[in-house]
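By written order: A, B, C and D. Residues from 1 in each chain.
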Amino acid sequence: MSFLNKKAPPLEVSDWLNTKTPLTLAELKGQVVVVHTFQMLCPGCVMHGTQQAKTIYENFAGKDVQVIGLHTVFEHHEVMDKKALEVFIHEFKIPFPVAIDKPSKSGTIPMTMEKYQLRGTPSMLIIDKAGSLVLSHFGQINDMQIGAIIGQLLMADAPR
Amino acid sequence: MSFLNKKAPPLEVSDWLNTKTPLTLAELKGQVVVVHTFQMLCPGCVMHGTQQAKTIYENFAGKDVQVIGLHTVFEHHEVMDKKALEVFIHEFKIPFPVAIDKPSKSGTIPMTMEKYQLRGTPSMLIIDKAGSLVLSHFGQINDMQIGAIIGQLLMADAPR
Amino acid sequence: MSFLNKKAPPLEVSDWLNTKTPLTLAELKGQVVVVHTFQMLCPGCVMHGTQQAKTIYENFAGKDVQVIGLHTVFEHHEVMDKKALEVFIHEFKIPFPVAIDKPSKSGTIPMTMEKYQLRGTPSMLIIDKAGSLVLSHFGQINDMQIGAIIGQLLMADAPR
Amino acid sequence: MSFLNKKAPPLEVSDWLNTKTPLTLAELKGQVVVVHTFQMLCPGCVMHGTQQAKTIYENFAGKDVQVIGLHTVFEHHEVMDKKALEVFIHEFKIPFPVAIDKPSKSGTIPMTMEKYQLRGTPSMLIIDKAGSLVLSHFGQINDMQIGAIIGQLLMADAPR
């Protein structure tokens, strides 16, 4: 787990699914933002990370917490395209907005993943109300810790 | 759960993955055959059925039990094609042969699924040493029951 | 779940186990206090509540959170006495102090349980840094919610 | 796991609970007998073994399988006496007969535990229809394996 406490860079997104309006971190200031980065064919995502992101959504709905899925495809790009992701979102009943990380022009790692220097999927990013990256965690992390971090961030004053 | 006790019809297969040689029920006589029918983007398959099929494989390896995955795609065909299935098999570390159920010429339900009148995915088929269908079960079923059925079938004499 | 937000009454304790010095809520001011009330032969306690209390202890060790077990025996008193509880604490590797709720002179329900009007075991009490009862919950409650409540309470200023 | 394949010695029992009539292995010939040996304050028993024994009972009720609990107390005898065990059976809703292993005159290990040379609790004994000990397993064992063993034993002819 690494606590970075620096301003979270903007998400680079090629497409938004499961939402009528695109989201930006800038506009989400004043809310705690949880970004679940995943690949739809990554077992650790499907069986743990994505379920946990749904639990976060359920526990903090209506409480100044925005959950976002970020599909950071860095392998097998051809079978994890937008169409496939739409089916995944439908079948797995994902209740929160999902962004597609913008493909890189020069490599296999998409742009947000690169910028945040994520080590793989699933990774969880938590951004405080002021827009600082508080947590960037690769792999599993227990529900109680997640709850504690979000709980603490909710208590901080919103930025003016 | 329905116990049918009739001769299991041949599997209609368009392609075999994860095996060097195609399998046929006819050639598997003398072994207990477990067919895990699934779709790679079906949550109940990915999170339960496929894991259970792996557990069957691990518990009965080398004991006259053949586990087969059968990809019975009846919806979202375009994103659950052979290429995507190959990635799924690789990422989820499926250790047993996987057959692709032959698409129907006239409808969305593939041919083996139609012939066996399966209600959806996951479904588990268990075929005894003599080639009779002993179990066709849609949905979840507990590990102990599965163990008991296979254990009983292993004790039966192999057909001549 | 009931949020009471009133001053938590003192614990009525006949004995302390697993600690060198007795604790009082008064002296714990400035810390978040989690009281896991249980009976050592209550299945919902042994299989869920007590495990969760251990998880709270592990996640918040050294962070202004005091976990306390409170053995609130209201049935089968003769087999859940101090000696039996000592074995339970040893065998189940309980890492936090455990208090024995003081038996009532007139009834089967012990004094703290009566005073807090608990409905059964397990019940979880959470008391904020200022000594107010924030949560009194009978039965199961998920880890993420517990984490969020404790996280929020940790952010509040300690009382002078 | 050790497969012994010798005649199972008689259970040495000081008391039977949860049954109107005492049982003997001799009289149970023709049935598969599963003996779950446990101590009521052993965490591995309470959280896994005893639950699994209940699952065996539920899966094989009415199918020539007799599940028996055997309380083999080898430590903390004073708090795991008959009275305490009665409460445990009631609270944990144990549905099968429970025997109390006869205390040794000379040591802490009770007589059946000694005779079967069990290494600790929980241990599972499985005895075939002819009265031979087929499995003596200390610790956890997965449900599918248990199912397979019982399934196989059920298929064997009953002894005359």
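Convention: contacts are C-beta pairs under 8 Å (C-beta built on N, C-alpha and C of every residue); 3 or more make two chains touch, one makes a residue touch a chain.
Since the structure is predicted, the reported quantities are computational estimates derived from the model, not experimental observations.
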Maximum centroid distance from chain D, chain identifier (CA atoms): A
Gap in Å, rounded to a whole number, between the CA centres of chain B and chain A: 35
Where chain A and chain D are represented by their mean Cα positions, the distance between them in whole Å: 50
Interface hub residues of chain A, defined as touching at least two other chains: none
Chain contact topology (line, ring, star, complete or other): ring
Complex contacts: residues of chain A adjacent to chain C: 55-56, 59-60, 142-152, 154-156
Sites on chain B touched by chain A in the complex: 40-43, 46-47, 76, 78-81, 83-84, 87-88, 91-93
